[in-house]
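Only one structure is covered here, and it is reproduced in the block below.
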Amino acid sequence: MKIGFIGLGRMGHAMATRLIAAGHEVLVYNRSAAKAADLVRAGARPAASVAAACAGREAVITMVADDAALAEVTLGEQGIVPALAKGAMHLSMGTHGVGVIRALTAAHAEAGQIHVAAPMLGRPEAVAAGQAGIVAAGPAGALARCAPLFQALGRRVFEAGDEPVGATSIKLANNFLLSCAIEAMGEAFSLVRKYGVAPAALYDIIADGMFTSPAYKIYGKIIADESYDQVGFTTQLALKDSNLVLAAAEAARVPLPSAGVVRDRLLGAIAHGDADKDWAAMARDQARASGLE
Amino acid sequence: MKIGFIGLGRMGHAMATRLIAAGHEVLVYNRSAAKAADLVRAGARPAASVAAACAGREAVITMVADDAALAEVTLGEQGIVPALAKGAMHLSMGTHGVGVIRALTAAHAEAGQIHVAAPMLGRPEAVAAGQAGIVAAGPAGALARCAPLFQALGRRVFEAGDEPVGATSIKLANNFLLSCAIEAMGEAFSLVRKYGVAPAALYDIIADGMFTSPAYKIYGKIIADESYDQVGFTTQLALKDSNLVLAAAEAARVPLPSAGVVRDRLLGAIAHGDADKDWAAMARDQARASGLE
Amino acid sequence: MKIGFIGLGRMGHAMATRLIAAGHEVLVYNRSAAKAADLVRAGARPAASVAAACAGREAVITMVADDAALAEVTLGEQGIVPALAKGAMHLSMGTHGVGVIRALTAAHAEAGQIHVAAPMLGRPEAVAAGQAGIVAAGPAGALARCAPLFQALGRRVFEAGDEPVGATSIKLANNFLLSCAIEAMGEAFSLVRKYGVAPAALYDIIADGMFTSPAYKIYGKIIADESYDQVGFTTQLALKDSNLVLAAAEAARVPLPSAGVVRDRLLGAIAHGDADKDWAAMARDQARASGLE
Amino acid sequence: MKIGFIGLGRMGHAMATRLIAAGHEVLVYNRSAAKAADLVRAGARPAASVAAACAGREAVITMVADDAALAEVTLGEQGIVPALAKGAMHLSMGTHGVGVIRALTAAHAEAGQIHVAAPMLGRPEAVAAGQAGIVAAGPAGALARCAPLFQALGRRVFEAGDEPVGATSIKLANNFLLSCAIEAMGEAFSLVRKYGVAPAALYDIIADGMFTSPAYKIYGKIIADESYDQVGFTTQLALKDSNLVLAAAEAARVPLPSAGVVRDRLLGAIAHGDADKDWAAMARDQARASGLE
């Protein structure tokens, strides 16, 4: 397919690489053009602007850092809405809030374009390996049109209905579940430590039985080893995600008590200097609250 | 080994069955003797009292319903402490609170006996199939002596140090992690439902990716299907477990905010008539709080 | 009236003093008899046992330290139930849990005696000055019979129905409200301190406007001054009260999220060494969690 | 003084009225000019624009609905910053978030103007009666210059340092304390109701003893009477305030567990249709969670 790709951070770069390798005709755009260089060598064409990346495209994909960037890139005067052809698609594939996603859906509809929200599940390494999941929501016909792209980008597509914001809510719910698992492990490890138990003993059970999944094994290990300096995702970024899920809960009027607990833990961790540590440092904040640090 | 086995509820019965099958010489005692009948046919000998079940035994195992029963069976005038030989072992294998476990450890030590706390991880069906785990804590030599019993009883032993209460803390932490996972899923399912997403769409992601473990698959399915009438473990019993972990946290001075959230959810579920439903009905209480029921 | 008075701690002593001064004929009993000496000089007669303190009495009042003591003094073999005349009253005036109060009500009813729960509102100094309140619940006729006693003991009686446990629930609710006010102030003071505001500035507003009540003025001042060493009521005792309200909430199936927050704060304070400080040290635990200490 | 007054909602109108009555020379501006009519009859002069309301003024006061309005009125191209004279003051007197207040402080400083944050404490009726409080923060000299205005506007000024955001933090903390008091009362009333106690019995104690302050008497009465239809402040607006305090807590890295509890309660109330009821309807959401509705 003829596509535009906007936003070449670590995730975007890995995604664009896969699309090029799959034979799609890709125009790439990034605010700092340097990040496009090796993609161009791999077969992409550079676009000089967002509008240029939309010209003549069946679909344009965005993978930008935050809601403000997505709003500007899409709704701005030089953005996607004024540049994209009628009937063409915009796949917003980052992790965004429900507010901006709804605004995009409305603006694209008014312009006769199609909005698909399709956030990725997985880190850049998983994307590069073709192991990431994709949660996609949008008009049924549009999802079918996206199939070749999704096939190139990930391992499996989870369809979440025809309202783009539905995919957003699932992506946020998934991140939220992970934050709750980390918080719960933080509490559990503090508890057993206070009874003189080696963290590894609890970890062995977590890794073996009812919880033997990547979420618990990866983060249980970090907590048991207190290896918060090996950063996969920072506490600071986790706070941003926490705000996205809280905003989604507010917009839908859903009390989320566990999200409040997680938020306070993240704030406590940041207040004590762990903003740039791995967000499993939530467990250190719990330990501190328990008198263990 | 020559052992006594006290408490023949569903768990105890499954455990005694395995010990007999493994060739141990088992005296069985239960308050209502009828439950021992088939075990006797299988090779056990019935004991007429707790004291009789202790006579001449290297080890006695208890699997009783709650802390009050364990205290009475162990510390009572007709209990294990006065009946068990010096140097013999008491393996308390139920899920109990830290208070009673510490009391047992002290009483057995004073009587020159050995206390091992070794709660089982898994339901009766898993025990029957030899698939249960065992968390064991007690003097190192004692754990070695228990090895043939543990081998007969379960799949794997997780050692948790030489203080029996350490095993208790791990068992409670494990149950607590499960309660937090259910609560988090309840919140997540309410959130996506409010965005018009079919629960199955979230379940598919839970069952496939970061959370693909028995805890999330079993309980995620119950929540997605709202099949709270197929009861594995009741809300009422979950409240009892919740109290055990809160008491352990209090005794060790560990704030456990997620445990407070779970407790309130269980109380809400029971207040609305779900005491005897599967405890995943926590998710229904969350849905109700969100205006979904 | 002819009354027996059991339990001469600081509260009980102040209460017995007022009853004697009001002309009632008082038999006093305390486990350690020394505490009765000055009351005897003031006109009371010493009783050698709980039973002796009940002999020939229209009413017996208990003011004992905790639920275990109340249960033993009332329901024990040498307790009030076997010793008190039919038709006579037992006024339990301490702060107790709903479980023991219900057990007393049942036992007294079975023995043809009358149970009135009438916890005091106020500290010993307030009692001594006749400024304490009394929350009373029991059969309507019984409350009328108690009027002369209540008149001697306090400033005002708040009637809470004919079920003794109703008075208990109000007393616990009152303590709970106070704990929540302290927690909220702790959070508020941490917030403004982080914005560079002197605690006294917030205190001035608290003491002047919407919150100008003893609860906020007394505890707001302690927090603003960080004078946790002047102990009115310890963190450790506050944890006991917190458990009483949580148990009452559990028995009645009432989720109490604020009680969970308070409990965790108390545990955090105790974990950091403030068990014997004034319970307003909850605010210090909040400050610590905020990175302020 | 020569002042401009921008924003003539209920609060602003009451404030402008007092300033005119005190003899100040007031230019008034409101988006819909009709609201200025009676003020003009009382002696004010109408301004045709924000800029006109700033012309030749020593001070301009804003009392606008929310942060977006304050940002536009102040920082917009036709706003206060470009129109106000050097050395003149902007008193922002509404309830705003820390982010916009800090932005105003920076913009005014750059323009050589002075920003004072001085949110009002009290409802329009209290303002009209001269009974409102004022929390003021800004450069010491500026607060002194404001004295005649504050004298006209309220009963008492609480100084909160020289950083405007400090006054904001106190105002938000004050609102937060109120929300916590309402939440705690909601929980307490549910508890006693479940023990068969008439709400009025708890109210009597609240109104008499440790909590005898406007906050508890006003809201305790609403809850006891369940008179949520007499609306002083809506649940919806309370959610806005809740977000302001949570944002302030986040910016300062302060975990606020009670704020999370309040937020969830407000969302629950709104989810069940109480958005436009008095925010004491939080207590109804608590009652519902307890199985009481």
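Lettered A, B, C and D in written order, each chain numbered from 1.
Throughout what follows, contacts are C-beta pairs under 8 Å (C-beta built on N, C-alpha and C of every residue); 3 or more make two chains touch, one makes a residue touch a chain.
In this text the structure is predicted, and so the values were computed from the model without any measurement.
Counting C-beta pairs in contact across B-D and across C-D gives the higher total for C-D. Distances between chain centres, each the mean of the C-alpha atoms, put C farthest from chain A. Taking each chain's centre as the mean of its C-alpha atoms, chain C lies 38 Å from chain D.
Rounded to whole angstrom units, the spacing between the C-alpha centres of chain B and chain D is 53. Counting partner chains per residue, chain C has residues 249, 253-257, 261, 264-265, 268, 271, 289-291 touching two or more of them. Interface residues of chain B facing chain C in the complex, by the touch rule stated above, are 239, 243, 249-250, 253-257, 260-261, 263-265, 267-268, 270-271. Within the complex formed with chain B, the residues of chain D that make contact are 257, 264, 268, 271-273, 288-291. Of all residues in chain D, only 98, 121-122, 133, 135, 137, 156, 158-161, 163, 165-166, 168-170, 172-174, 176-178, 180-181, 183-185, 187-192, 194-198, 201-202, 204-206, 208-216, 245, 248-249, 252-259, 261, 264-265, 286, 289-291 touch chain C in the complex they form.
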